[in-house]
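Below is the structure I would like to discuss, written out as structure tokens.
So that you can tell them apart, the chains are marked A, B, C and D in the order they are listed, and the count of residues begins at 1 in each.
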Amino acid sequence: MALSKQEIAQRIAQELQDKWYVNLGIGIPTLVANYIPKNIDVVFQSENGMLGMGPFPIEGEEDADLINAGKQTVTILKGGSLFDSAMSFAMIRGQHVQLTVLGAMEVSQNGDIANWKIPGKMVKGMGGAMDLVASAENIIVAMMHTDKSGASKLLKRCSLPLTGVNCVKKVVTNLAYLEIKNNAFYLIERAPGVSVEEIKAATEGTLIVEGEIPEMKF
Amino acid sequence: MINKVVNNAQDALLGVENGMTFMLGGFGLCGIPENCISELVRLGVSNLTCISNNAGVDDFGLGLLLKKHQIKKMISSYVGENEEFERQMLSGEMDVELIPQGTLAERCRATGAGIPAFYTPAGYGTEVAEGKETREFNGKMYVLEHAFNPEFAFVKAWKGDTAGNLIFKGTARNFNPMMAMAGKITVAEVEELVEAGELDPNQIHTPGIFVQRIFQGKDYEKRIEQRTVTPKS
Amino acid sequence: MINKVVNNAQDALLGVENGMTFMLGGFGLCGIPENCISELVRLGVSNLTCISNNAGVDDFGLGLLLKKHQIKKMISSYVGENEEFERQMLSGEMDVELIPQGTLAERCRATGAGIPAFYTPAGYGTEVAEGKETREFNGKMYVLEHAFNPEFAFVKAWKGDTAGNLIFKGTARNFNPMMAMAGKITVAEVEELVEAGELDPNQIHTPGIFVQRIFQGKDYEKRIEQRTVTPKS
Amino acid sequence: MALSKQEIAQRIAQELQDKWYVNLGIGIPTLVANYIPKNIDVVFQSENGMLGMGPFPIEGEEDADLINAGKQTVTILKGGSLFDSAMSFAMIRGQHVQLTVLGAMEVSQNGDIANWKIPGKMVKGMGGAMDLVASAENIIVAMMHTDKSGASKLLKRCSLPLTGVNCVKKVVTNLAYLEIKNNAFYLIERAPGVSVEEIKAATEGTLIVEGEIPEMKF
């Protein structure tokens, strides 16, 4: 069965490594914070100016001056720090953040990503996404494999305006965990109960299937 | 020590005119110069170019200026959460330049720091880089980005002193320090104005040299955009 | 929170090798990483390239490395006050690259901030600009300057916590924050090491993300180069 | 009679204006701080990271962590601030400092200045001087009119490696106060008792003398 958004986040959380600084985008990526493996220390960076982002505040303790990049009230953990936006993006651009997880409307087999604009329809802006994808050494995209009409979002070429080029290395969808290399999507794991054929059918870009493809483990 | 104090928002905005370019601090509704925005609405100046990470919400922040059609052009990184904004943008009533958030922050800093241009990887290969110089350094491609040239910068701080020194709180710091550096005239409104010498010089975020006018703000609403909480257990 | 603490200078400098490029914080003898410098002397590593605003004095600071001929090249803005330095430079034993102080600071920051290059007016028309790209912006000429690529950065802070957050004191801050951002491995030695959570997150000068190793320094001499006083009246 | 170093500083101090931030170089410029006119507020910036530099500390209160750009122990005034070197030069490069006063070995009639290197002999480095002269809108050079051998230091062209080009607007020497424009030194004031002829003789560069040249007043 296809993964829920929570399960996508849970699978991505398995990729976290000890001592990593991590930036989580809005949407599914935010949920990753709920599934940090035991025995590892990771620190969440919020690009509006915080390291050590903690959980939502206890009801009644919200502080208008302490929000995350999604404008949600949050807390800061012991050992965290606060800084301005130039410093925040110095961290990002300077590759001090080890992992970026973000959502996408489209990803292409050469690692391009589109997630900020639908011409004539929706223009919310790229926020920090262009800086993040242009800079991060390690980018995981969290997304649905297809759109509501069933059309694939894993493409040969993105049709929407790009957010970044040749940058995405890993994609976790509701159907599969894929790596991008050699101008193709390499199928690494299947969602439990989802067949290789189903994934092939849902992937417009070149899909490489080498050997037996294991199911994800949670 | 040079005294930068003015009486109120009205005095702080002396010289503001139609057609000017402003920087306004804040991320979402966090750390926005509420008093300055109210005064801009009251003055009714129009044809403004506003450089601000976001554009407020329909009835607060820069949304108040939008509603009165005072803004000709917005330069931002993210403008969701604002229906009137979207309407004016899609209808062509307002011009919008969207730029990556880190590029926006760095361009603000460059403006204040006398750096006319710098290279950044953000936006390479996208429409953001169209018409801009690109260049390879150490095997990676970068885009040349330039400083701004704003007439005024409006920033909001937590504490400030009569010498113009500022301390910000939490994530309300965001774009305020770089914008404070960048204004030809920088106006700082503060929640608490103290005498020079009361702030620890080692803990000042924005040195007073960058601030031309400072005033004690009032009636802060500090609206929360997304109130997310953990229920009491 | 990620713990960055190592036992001492010896552990902090693991991986230091001959021929490497280091950044070392400090202005004059103010805010220099005394413990790291002592350990570099003890290790005897040589052929070093050192990026530091100054080069110490004959018997203290980087002068200790100079005396042992461990430095192949100095990149600094000002190297007076050091006879052995002058001798090695004029005799050609050591290579020296002098660059404007503001350019040095900005190049350190750029290194840490992922900015490969930027334009600055400093040095235009002088031998500092020889062989460098120059360019006009708004009628003024600028020089293109690049980021560095140091293996280690050694910085000295007043207080630090186990998460690597740093607070500097007075003018001992100087180059330390930018160099902390710039090291592939940044080693911070501190006068007082505290638990994560003891420092106010709003007052941290260098966020812990930039620091890979931190240790409690010892035996600080903090020598004063020019003791100037007003007599007691 | 030619001015003493103190008097050069005193004359320069008359150029200070209310609400100016001022950077004083090492040597004669440092002395300017002793002659601030009454009723004006100026703030001294020290490029190693301080605004609001105060006098030397009371004996016994020296702090190794509080020095000026000349490495001298100093104090910080109420309302001052401390910052890093990048921020300090952001102030300088960004023209937030209204006046720079510095020494020179040579100045030329087109406003070039040389003060950091004597090839083969002395190379202390430029420190912050190149940033200061390339950025400041308002630069006053404090210097002796001639060197120890009597050779002019106000030249048609500098012979030493330059610190900056076309940047010096005013020069105060032991003999005169001069402005630089139209590729010439304009004589504005004479040191008390020093004749125009003496100044002419000591100036290698083109010297323009228009009308009566008043003596400096202190």
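As a working rule, a contact is a pair of C-beta atoms (placed from the backbone, for glycine too) under 8 Å apart; a residue touches a chain by one contact, two chains touch by 3 or more.
Because the structure is a prediction, the values reported are computed rather than measured.
Along the graph of touching chains, what's the shortest path length in steps from subunit A to subunit D?
Graph distance in the chain contact network comes out at 2.
What chains touch subunit B and also subunit C?
Joint contacts, listed by label: A, D.
Report which of A-B and B-D is connected by more C-beta pairs in contact.
A-B
Go ahead and note the Å separation of the Cα centroids belonging to subunit C and subunit D.
28
If you average the Cα atoms of subunit A and of subunit C to get two centres, how far apart are those centres in Å?
Once rounded, the distance between the two centres reads 36 Å.
Could you check subunit A for residues that touch two or more other chains and list them?
76, 82-83, 86, 89, 92-93, 135
Residues of subunit B touching 2+ other chains?
Answer for subunit B, listing residues that touch two or more other chains: 106, 109, 113-115, 120-121, 168-170, 202.
Can the chain contact pattern be summarised as a line, a ring, a star, a complete graph, or none of these (other)?
It is other, because the touches fit no line, ring, star or complete pattern.
According to the definition of touch, which chains form touching pairs?
A-B, A-C, B-C, B-D, C-D
Would you pull the subunit B residues touching subunit C in the complex into a rising list?
So the residues of subunit B touching subunit C come out as 106, 110, 113-121, 137-138, 140, 142, 146, 167-170, 202-203.
Which subunit C residues qualify as touching subunit D in the complex?
My answer: residues 27-31, 53, 76-81, 86, 89-90, 96, 98, 100-106, 108-109, 120-128, 158, 168-178, 205, 222-232.
Which subunit D residues qualify as touching subunit C in the complex?
46-50, 55-74, 76, 82-86, 88-89, 92-93, 112, 116-117, 120, 123-131, 134-135, 161-166
Which positions of subunit C touch subunit A when the two form their complex?
Touching subunit A from subunit C are residues 1-3, 109, 111-115, 161-163, 165, 181, 195-197, 201-202, 204, 207-210.
For the complex, which residues does subunit A have touching subunit C?
Residue list for subunit A touching subunit C: 19, 21, 41-43, 45, 51-52, 76-83, 86-87, 89-97, 135.
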